[in-house]
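One structure, pasted below without further comment.
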Amino acid sequence: MNNRHHHTDPADAFARIDTERLARQGMPEFIYAESKTPEQVAAIMEKLIDQDGCALASRATPAHAQAAQARIASAHYDATSRLLSVGCLPDQPVGLAIVVAAGTSDLPIAEEACGVLTFLGDRVQRLYDVGIAGVHRLLAHVDTLNEADVLIVVAGMEGALPTLVGGLVAVPVIAVPTSVGYGAGFGGLAALLGMLNSCAAGITVVNIDNGLGAAAAAHRLLLRMRRAHSNDGRLGL
Amino acid sequence: MNNRHHHTDPADAFARIDTERLARQGMPEFIYAESKTPEQVAAIMEKLIDQDGCALASRATPAHAQAAQARIASAHYDATSRLLSVGCLPDQPVGLAIVVAAGTSDLPIAEEACGVLTFLGDRVQRLYDVGIAGVHRLLAHVDTLNEADVLIVVAGMEGALPTLVGGLVAVPVIAVPTSVGYGAGFGGLAALLGMLNSCAAGITVVNIDNGLGAAAAAHRLLLRMRRAHSNDGRLGL
Amino acid sequence: MNNRHHHTDPADAFARIDTERLARQGMPEFIYAESKTPEQVAAIMEKLIDQDGCALASRATPAHAQAAQARIASAHYDATSRLLSVGCLPDQPVGLAIVVAAGTSDLPIAEEACGVLTFLGDRVQRLYDVGIAGVHRLLAHVDTLNEADVLIVVAGMEGALPTLVGGLVAVPVIAVPTSVGYGAGFGGLAALLGMLNSCAAGITVVNIDNGLGAAAAAHRLLLRMRRAHSNDGRLGL
Amino acid sequence: MNNRHHHTDPADAFARIDTERLARQGMPEFIYAESKTPEQVAAIMEKLIDQDGCALASRATPAHAQAAQARIASAHYDATSRLLSVGCLPDQPVGLAIVVAAGTSDLPIAEEACGVLTFLGDRVQRLYDVGIAGVHRLLAHVDTLNEADVLIVVAGMEGALPTLVGGLVAVPVIAVPTSVGYGAGFGGLAALLGMLNSCAAGITVVNIDNGLGAAAAAHRLLLRMRRAHSNDGRLGL
Amino acid sequence: MNNRHHHTDPADAFARIDTERLARQGMPEFIYAESKTPEQVAAIMEKLIDQDGCALASRATPAHAQAAQARIASAHYDATSRLLSVGCLPDQPVGLAIVVAAGTSDLPIAEEACGVLTFLGDRVQRLYDVGIAGVHRLLAHVDTLNEADVLIVVAGMEGALPTLVGGLVAVPVIAVPTSVGYGAGFGGLAALLGMLNSCAAGITVVNIDNGLGAAAAAHRLLLRMRRAHSNDGRLGL
Amino acid sequence: MNNRHHHTDPADAFARIDTERLARQGMPEFIYAESKTPEQVAAIMEKLIDQDGCALASRATPAHAQAAQARIASAHYDATSRLLSVGCLPDQPVGLAIVVAAGTSDLPIAEEACGVLTFLGDRVQRLYDVGIAGVHRLLAHVDTLNEADVLIVVAGMEGALPTLVGGLVAVPVIAVPTSVGYGAGFGGLAALLGMLNSCAAGITVVNIDNGLGAAAAAHRLLLRMRRAHSNDGRLGL
Amino acid sequence: MNNRHHHTDPADAFARIDTERLARQGMPEFIYAESKTPEQVAAIMEKLIDQDGCALASRATPAHAQAAQARIASAHYDATSRLLSVGCLPDQPVGLAIVVAAGTSDLPIAEEACGVLTFLGDRVQRLYDVGIAGVHRLLAHVDTLNEADVLIVVAGMEGALPTLVGGLVAVPVIAVPTSVGYGAGFGGLAALLGMLNSCAAGITVVNIDNGLGAAAAAHRLLLRMRRAHSNDGRLGL
Amino acid sequence: MNNRHHHTDPADAFARIDTERLARQGMPEFIYAESKTPEQVAAIMEKLIDQDGCALASRATPAHAQAAQARIASAHYDATSRLLSVGCLPDQPVGLAIVVAAGTSDLPIAEEACGVLTFLGDRVQRLYDVGIAGVHRLLAHVDTLNEADVLIVVAGMEGALPTLVGGLVAVPVIAVPTSVGYGAGFGGLAALLGMLNSCAAGITVVNIDNGLGAAAAAHRLLLRMRRAHSNDGRLGL
């Protein structure tokens, strides 16, 4: 009877790596560390490096980082963005993403977006602490905003910043609500709903605190832009 | 047994008028018409006129208006604001309320606020269609905003306008979310949450579509302002 | 006293047209017809035509259409998408948007997206009725999907289609949840949450039933793509 | 007066064991450990063993395990599934359940389902890490899926996997949403709603993170299948 | 320019019939009539009849029925269940589904389940008006319940009936919450949550008012039961 | 095949009357008319009269009333409370219920409570329009409140009245939230939550707009009071 | 300037004891310990003892208990119910409350109700672990239930037990939802909604986990019963 | 490659101080400490002091206080209100704010409001523990309430206190819901909804637990009052 007790399979068994994701999507599979043990994250990372030459885990804790660094010397951990990475994709000269953030509290999510873009080889600039309560801080930077090929706009509280930005420029805007706030902010729900109901036409939205998703969406867009830039229809992977 | 069936009491019975509300609050009792029959609204109106010399019903339908006008020749109905009124309080020279509205769709609620203020004798100005998607429309009016003693800011969709206004001036801002929008606007919930979580300090909020409540709050403030203005501590009712 | 009753201002007063939106955003101001009277919609349309040479109202009813057509002979109304339009922007040869829809019930929203893109001069293709319950229907079209510069993916119920599409190709995906469904669909909330929590990285989302918003977001992207295509940094408006 | 203070009754008093549940339902009463003290869990376990010869507690912590093992030497604890068990029901040769899981993060819930099925004597296979973001991983296993008599499909995030599975095969599908995710996942609500609104007809759903409930439902189904298999109408308990 | 206005495609274009669903799933594609025009429903029905020899539309209105009957003489409409059908699958002698309903108000949903099962060729019995407020009404029928191979239990209000049934017998229970109720019933949400949190182990749940989904789930189960019954591993389609 | 179409059973079949409810509960089964057809309501009424000599349907429309009156001449309909009744239980001299209502808009629900109590033979008094905005209106009636054996307190909007009443007297308070209000009242949810979180200890609550439920709860209490009054332990049915 | 920093007032200042609550309500003010510091709880307790001769704090932690016991030697703490008490009201021979609980996990809340009743001098019996999943456990106790003057029924999960009880007997039922459960239980919301929507007429409900509130409501009822019992109209305080 | 890792910018970079907020708004920028590191809070504080001569951080922990005090000797921390401050604005003789609180549990939020007003130079009085369950406690202070120029009313649970206050006096009322409560209080949601739906006209509301926001709103009002008082139209900053 005792032999009926299930022993959790070794690392090979639980993770079925999507081996062609990089070719198919222009980016490798990312590891979502939050619900995984340090050992699971480290094991999946090794597999992905074997396959793609690089790997990135989001929402990693110091414990995840330690487990990875014990196996992979070059593993790098950034405590602000909670990104744990090994290697990266080659630099891309075409296309610029600008990450705009409302306040200092939104920094971890904004930095997650920046870190993922950097990992993917995309050019990124930061424009932080330009919240709507002091609107002149943003208005001084409209020319900068217009230089971008895509804007990632990060805000918590009432989440109005993407609406303001979207009304000022014609650049694609990817809005990232953050869970910064309290009470009737409901963990970012207020910001999320605000962005979904934006009166500025053409704002798109990702999940609360999903800096990685915003970066991935921007990367999809930049890939297409490079194909257009090359004028020959080939995908600029 | 049949005599046990309850016959709804005559008009005198169902409405217990709050006879001293005008003296106590600086404004008479308002009639919320939405859940009342035309006959009930007309009967309560007559009672209030007897007592206060004027009466106001909100969210009145044309049927409510007809029932009232059949009894009270001077009853006036405004289809946009859905206000049904008889008489009004005397004009007050001190204090200015400005009602700011984001878009044409918010007009019924903004007009409800204006109509109630007018009924209460307060001075009111309108500044409409200055939504955040074209922020320069509002920026051109900052001097006007600064002239107000109180601002009522009406917006639906993401409800960001009060935050923008509150960041530009030091005037008290009463934010009114409207149910304008669809989908994840959830009947005004997105705008309400946005206003409650405003990153501009000192914005206060009333219920969704509650133009009347915003006007009553502004009136409370203007009453206090008049007391201060008279420099002798008497309440300027 | 009677002269204190407010008479709603003439059409000039309630709508403060954003006169430079076309130049600033690469698209004119759209009219949200749902909370406006037929007369208001027709009046705003005339103003916008004077300024931009074209105008588009969404969520228009036949009554809105009639009021507009009484003033503007060339006003065109499409009952499926509920779009009411006069004129359009010039055709753009560069850039392709494909609108993917899960089922016949999602057609009105998908057609809204198509209609807005067409109005803005963008090239658009349709790929309808490829819902996830019969996954082979979509798998047969992966090559087509890869030709697009941007995909608008429309789905109700559980809203899983954008996740499937996003996992198959590297193209930018704008997901549009629809209110198709019942019970615990909560008017599109289930589809919205599903899209926001997609396990396919880089999906962005717009409001429930917001075909127009998805089209505007795609247009922002295509504008940037044209600038990249022209290789000289000028915005391809 | 002091003797009025209530002293919590001994273990016999608080737990009224349902002595015929095994005969009536084909499975014994399970112990939900989460809101119980270690002592309560251990005491109830002993009672159940006396009666049924085996016992199973779900959502047990190491503290629960320790208390049980102090009394019952053969108590077995699995940290991944959080199942604490003593003994099991006899093996059943007829009927196969396959547990399908979207990602490594869903493993604890998938393992709870597997562990309960094993305890109940049912045959179970695992098919893990076949999430919808790389749909080819699942498509390679359609034949395996078709061998099952019942499928338990475990997924968090947007919860689309059961819909995909349900569209590929005719096998009964019991969908288990997990709380894996963040932000607008709302602790598994997004996955739950997605599964309830599945466009694949005939998917049934259990509570968020309820691997045990899915296993019990599968067991009910396998009991009926055995009765059919025996061709004589007797319940295959 | 005018030729750019999109004319909705003919019926062939909008509906991409899933031609092998009957073979793959043991049931044809169902038509969800609620968000479709009468013409769309009738056109899709004709297509499905050509392919499968039968067709079923749920949530059909009399207008849908009229449009279908104008094209297909044998189309049958049941006003209680709102099912519109043409033909059906062959009768199956093995396997019995019993549909249990709490009250008269739940009849439309219970009848939807019965109608779909009948259409699919499954044997079905009804046991109605056995709500929990008078528990003896149900207790008198435990033997009947035990004869079933699968139970569909339909209840609104607090939705406790499936819990009671699930505690009495070992038969698989598919719970269907209905929107019967008011106030804090929130359109069936109370019943849905009650069923998902049932303290009777092994209850599975479908969407609110989803009689069709419950029937399809029962049909999946009966298909498997027939395969077991035939003792040769072939799917009893 | 056609004979497989289900024809809804005659009235005898769909309603399984709970024949001993009056003896068991001290009140007969009530008919919830809202989700039933006029014919169903009339048929169930006849059955109940045969058994109990009286019958009561709540939330009845004029159409329900007409169908009942066509069969039962003595059927009585009250349009305010929407109660449809035939006969009643004998008058009870012991015990007094007072129904307190906040405003005229809450009258239909308050009257439903009064009508049900009257039907059950209980003594009932009304105290209406004593909302909290003019607290002196209620304070004038504290002696009256203290005469009651049970208080049913009906309020919409913020639902604060039961809290105020519960803090003034020691009488049992059954709070009834109504759906009166708009916006963030969410159909009575605000009032419901307010009553559930009352800072006055010992307030109990029923569903939104559930005047009948409050009356039934009061009746249960009065039954017990009569047993106590008779001093001999017999249930005062 | 430093003198402007506010120093929190001494204990006398922050708590304005309601000195006549015992006379007015038949029970003293209770102390809600959860949001108060140990020092605040101890100080308020001393004040209440001075006035009423007894005091009771709910949701007290061991830290609260220690602070109280340091000042008041006779302070008694029960870890299961988290009640901290000093003294109690005199025993009442008339009237019986029975506390019914669904499972062992609901014990802390059931014990809170029992402890408060005991403190108030009311007679109380316990009937635990009679959950609906094994309905025969409750059916064996119907005679006991009928002896009660009031029933407090405590249940988590789907919260169906009060509905079952309410359908079996005519006794007043006060339902207490508990937060026992997980996932779509939403911290007791499922049980709360289930109880509010009970199909058994006349069930009343208190807040989630509010054993104290249920006891206070039962006490209000027993007070009235004693007045009836004494046959002379005096309140049996 | 390693040089691509982003190193979080020094303190100068992440915080873009709004240098003219004091002049524009009559109050400096406040620091929301909750999502910031102790170092970030201390650095921003230093910047604000350089500019405005004073600084205030809300929701500060002892760790924030320590970091600030290490750099700024005069930094003052109040553990009850969690305010961390350096310096303050000059005292203002005109205008009085009274902070009213329902219970001892609401003290931290009430004290946050008082502390912010004191920091801004406004006169403030406290009136605590006057909850609605003992209404006479408040009625004894109506004259005091009438002396105020603005009332901040803080309450948790059902949040009825602002409604009661607003019905007694004509003074502006800013309602602050607190998260005090449990179960269906939903972290302050019940109190928030209660306040938004107040039947007392003219109550305005801020976010749950937002004592700071209420103080800022009161300050905006007092600024306007001073302008009125000075009779010369100059803003009394």
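As written, the chain order gives the labels A, B, C, D, E, F, G and H, with residue 1 at the start of each chain.
By definition in this document, contacts are C-beta pairs under 8 Å (C-beta built on N, C-alpha and C of every residue); 3 or more make two chains touch, one makes a residue touch a chain.
Note that the structure is a prediction, hence the values are computed from the model and not measured.
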{"item": "Other chains in touch with both chain D and chain G", "value": "E"}
{"item": "Fewest touching-chain hops separating chain B from chain H", "value": "1"}
{"item": "Whole-Å gap between the CA centroids of chain D and chain F", "value": "42"}
{"item": "Distance between the centres, which are taken as Cα means, of chain C and chain A, whole angstrom", "value": "26"}
{"item": "Where chain C and chain E are represented by their mean Cα positions, the distance between them in whole Å", "value": "35"}
{"item": "Residues of chain B engaged with two or more neighbouring chains", "value": "103, 133-134, 167-168, 183-185, 189, 192, 196-197, 201, 207"}
{"item": "Contacting chain pairs - touch in the sense defined above", "value": "A-B, A-C, A-D, A-H, B-C, B-F, B-H, C-D, C-E, D-E, D-G, E-F, E-G, F-G, F-H, G-H"}
{"item": "For the chain E and chain C complex, residues of the former touching the latter", "value": "1-2, 4-6, 8-9, 13-16, 18, 21, 29, 32, 34-36, 40, 44, 59, 177, 179, 187-189, 192, 207-210"}
{"item": "For the chain F and chain H complex, residues of the former touching the latter", "value": "102-103, 131-135, 139, 157-160, 163-164, 166-168, 181, 183-186, 189-191, 193-201"}
{"item": "Chain E-touching residues of chain D, taken from the complex the two chains share", "value": "24-27, 30, 94-95, 146, 149-150, 167-174, 192, 196-197, 201-207, 212-221, 223-229, 231, 235, 237"}
{"item": "Residues of chain C defined as touching chain E within the complex", "value": "76, 78, 80-81, 85, 87-88, 103-107, 111, 114-115, 118, 126, 128-130, 133-134, 137, 156, 180, 182-185"}
